[in-house]
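For reference, the structure discussed in these notes is given below.
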């Protein structure tokens, strides 16, 4: 069951409306590495998880991502300002807010592409799902880094900073979970078959020095974390 | 902020696995009238609502729809059963569970079309948003009626019954909200312009007896509710 | 059978080309509340309608929406002007007209998202279909209100005025149809089940005063219309 | 302006309901080579055409394709039968009719993928648009050939026969139009540049005997048609 | 098997970064008439072709289109420049490069709509497939003509010139292939049925002078090519 | 530049046609974890990579994934058999092959959803891109495991075995690459900020034992690989 608390996870403010930035920030509302995608991915994956600790971890983070989505939507809403722009000259990507949603936040990426569940990765295999999540968190962090550079509003920067660091925390947690379950599921018997140890040099001229002589399912080792 | 309670809003059970029905039920997970769509629609609309009572109503129902989504996903997960079908002869619509998600619930409609935010209607105009919600709840109820007829599993029927009645409750609440705000926003000055009172008879031969002599913004009158 | 008359339903003119506004207006050509969506929705719904008067109504309005689509497309075409902009600096949303369609109108929303039938709601249940149409017409009116504010071209304003009022007329007609068929289909036995009369207060702190003690299927009562 | 005549372009009957075939036939309702796509393509292209004869041709055929769409939808509706299947074991592809549309025709392809305007090709260049239409008509004919083979219902076969031959007629007309306008627009100065006369043999071993020594914009020559 | 050569098919340079033009050029990377679409269409079609010469032709051109895709992506990458724009005021369509891809080329059209396989036409019928390809090449040429007019960068113009002429060469080759196979598959028995020789005048008033008295499957006759 | 060799990377055979399995296998042709997605992802990412060794690795693997796509398409084509099924009773998911593509392979997932570039993850940040690829390879392996279980055809099993092991090899290589570049880009300064070391316990009751006291950017350590 989901319950809503009218307090945001972390307070959201903006210095002033900034409709074009609102659009860019929408990338994290309804885009491929956005908060909705993250919430739905971890939520969907959680159903087939047997380990109660990991299942709880997925549900904790899914709930937090929903709460992040609410923060981002709140910021988009504030940045959109109070009134439809009557000049008829919208900045890039900000059209729908003026012709469709009445300045309400919209579940699209920064270019207006509607959110789609094709962004959500679920396999029912725990190693694959955790690796999908580590990658998703890393991409989310990168998008927040890009967004951070393009805004001077100190309140918005503060919110992005918070969210960026939270994605990093989730990432660390998923990496810990990966260590815990390693050599399970699709990570079993890694590199046993000969075909798994070949290198095909198909782009010429090639400079590759990687070798595959002794491959095994590697893990996320983190000295600091595993002490 | 969203918080998750590991207890479902209402207990979900199934008599036995039924993979094909799982697929059909998925219509209410990731389909156009499903629970995710409802939750995201009311959530997105709530940002521009000023009336605190109506804003609270939208947030209450959005949270409940998220909780419904969890119930439906739980049922789909149970109906999918324990093991990938090894016969290679999947019933209609049940392919992704066997080749992609490892039997985990998937955010698609009953035919495998991924959820898309194009299902979500937000206008920032309160009458339009409430009418969108009344229509959405009515359609959701109809889909549950169709789903109810096609399953004998008494536990699944019970869950559908519960969800169907909850959509009806939401519908009544949205109709009450519509009465409260009527003649606001896009419902103002209804039928004032002459063009709003014309009938174009473009499909021939026509039998239409509707007339538009005295149109005004109508409301949802419910004698029992308004006493 | 559909027949085409080279005369538009209402004459369309523009004061001068305005490529960016053309893009914004495209929202009503291929967007979620646009004319194509409306035409296809009523057309698709009409097949399962038994009441000849209501069936005729749906077909009349579907045909008119096709004619509206032609008017909007004509305006977009005129607003796009005569020549590809050679500056390589397109205003927001106007890229496809310059790189793809050679300034012809394109079936997308204002941001370039291609029309999709996911916008079209059909259930085969008459109350649900009519409510979907009432909501669709209300949203279409709101979009025209937003578009009206963002253009000074008096001819374009006149066209939008006409279309806006026509959506209002359709809305009134669908509300009349809803009254005619009420307590049928999915509106039967409203509020009979106890679960349909509960309120779940899931967003805290809540201020909701809505009550569900005596719910029944409400109708659109319009004193002026029902005399 | 579009007007609707309640008579179909050609009468549609079915020997008996056949829900799975209904689904397959839906390919021509909302699929990539279906009637809706054709109608919208020719309609959209017509706005930039200056030659009145060719513009009229495009509008004539667009209107006929809308009328075909109505015929196909009527057949799908009849083939879907009278009642929701209560067995919960839908044949491939027939799920949405039972859980969503209440057996009404739905604007998808045969697999349930919703119609999208990405199927529609518009360039504003007459040679390119006509060639797009010739190709579209040829593909539509092929789909009808496939559909014809997979049904024994004599009435459905008769309808498919009619539609297949109409696509052939449209195809011939578009080829005539191509002859009329040839060496215009994108067909001008064909093969003038040296790069337009090279052959890159990139798939080895190759057996290609095509040569590009003297390329010019070719036309559709039809001795019988040009006499 | 596909092999990659680190040399481009033709060298790509740009005079200077031009992020907005990068976006417009992306139309030919991931748009409906772009290089990826062309490559995948000819590749997919090639599997059912029996004539070894034509099969080889399709595979040669598919490989070349992949190599074109690489050239276009290289140009987009260079035009995007070296650094994320920190002004937060992206020109139309250039948002994703700044918030998502870190300036890497992205598989969308010029408006940010992700590439979709709905652009790809495959029928398994050789005349239909070849006509689809002729039309696709003609549209690709038109898009390059539009793109050519909107850029002054001489290196980019040179690349577009090359690609435009190559599409023309492919077009000529597909037209030659069409001549070779004519009156096969869906081109057999053209115009035999009476319904294939009727003209429905559905757009009034009409001026059409096309006639269908003696239709037969026409071919691409090119005097210069067939000598 | 891409060149095509008519020899497959590895020979493909099937014991007998199996149209339904063809459909399921299509998941790896045009699905979210399929070969086309992998090829396009690594290809797109390669443009912003500066390290020549890693750039070469990405291009080698992208080329191999294209060659895998060709193998999968070849198998789908063989499994589809020689003739359209005339019974009009297609097994789940196999409709398009019979009504649209004439049994040619089609770029969709197992349920007929067309390939979309929304599957492709590109960020321009090397750690994020490599982690995306590790996750993608892991998911691809899982899908092949599922597919392997559902077919008895020994030749198809052999092909799947080969492809599964190749994905494992790519995975190992990407993990090696991740080790090589670690603490770069988005992996710098990991866990420095306090917000990156908090755990929000939002799903109750919770059992989580994960701690975040000393988080640092972890790496893939593989004792066997790093000796």
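A, B, C, D, E and F are the chain letters, set down in written order, and residue numbers restart from 1 in every chain.
The working rule: a contact is a pair of C-beta atoms (placed from the backbone, for glycine too) under 8 Å apart; a residue touches a chain by one contact, two chains touch by 3 or more.
Everything numeric here is computed off the predicted structure, so don't read it as measured data.
Following the contact convention of this document, A, B, D, E is the list of chains adjacent to both subunit C and subunit F.
The minimal number of chain-to-chain contact steps leading from subunit B to subunit F is 1.
Both copies, subunit D and subunit F, contribute mostly unmatched positions to the interface they share, with under half of the numbers common to the two. Ranked by separation of Cα centres from subunit C, the top chain is F. Interface comparison, E-F versus B-D: the pair with the greater number of contacting C-beta pairs is E-F. Note: centroid distance subunit A to subunit F, computed from Cα atoms, is 19 Å. Inter-chain spacing, taken between the CA centroids of subunit C and subunit D, is 27 Å. Centroids of subunit A and subunit D (each the mean of its C-alpha atoms) stand 41 Å apart. In whole angstrom, the spacing between the mean C-alpha positions of subunit A and subunit C is 34. Among the residues of subunit E, those touching two or more other chains are numbered 1-6, 9, 32-33, 59-60, 62-63, 67, 91-93, 100, 102, 108, 111-114, 116, 118, 123-125, 142-143, 202-203.
Going by the touch rule set out above, the chain pairs that meet are A-B, A-C, A-E, A-F, B-C, B-D, B-F, C-D, C-E, D-E, D-F, E-F.
On the side of subunit E, the complex with subunit D involves touching residues 9, 32-33, 52-53, 56-57, 59-60, 62-64, 67, 113, 116, 118-119, 121, 123-125, 127-128, 131-132, 134-136, 138-139, 141-143, 145, 161-162, 165-166, 168-169, 172-173, 175-177, 185-187, 190-191, 193-203, 206-210, 212, 214-225, 227. Of all the residues in subunit D, the ones that touch subunit F in their complex are 18, 20-21, 23-24, 27, 31-33, 91-93, 109-113, 142-143, 146-147, 149-152, 202-205.
Residue ranges of subunit C in contact with subunit D, taken from their complex: 1-9, 30, 36, 40, 43-45, 47-48, 59-60, 62-63, 66-67, 70, 73-74, 77, 100-108, 114-118, 120, 122-125. Of all residues in subunit B, those touching subunit F in their complex are 1-6, 84-96, 98-100, 102, 108, 111-114.
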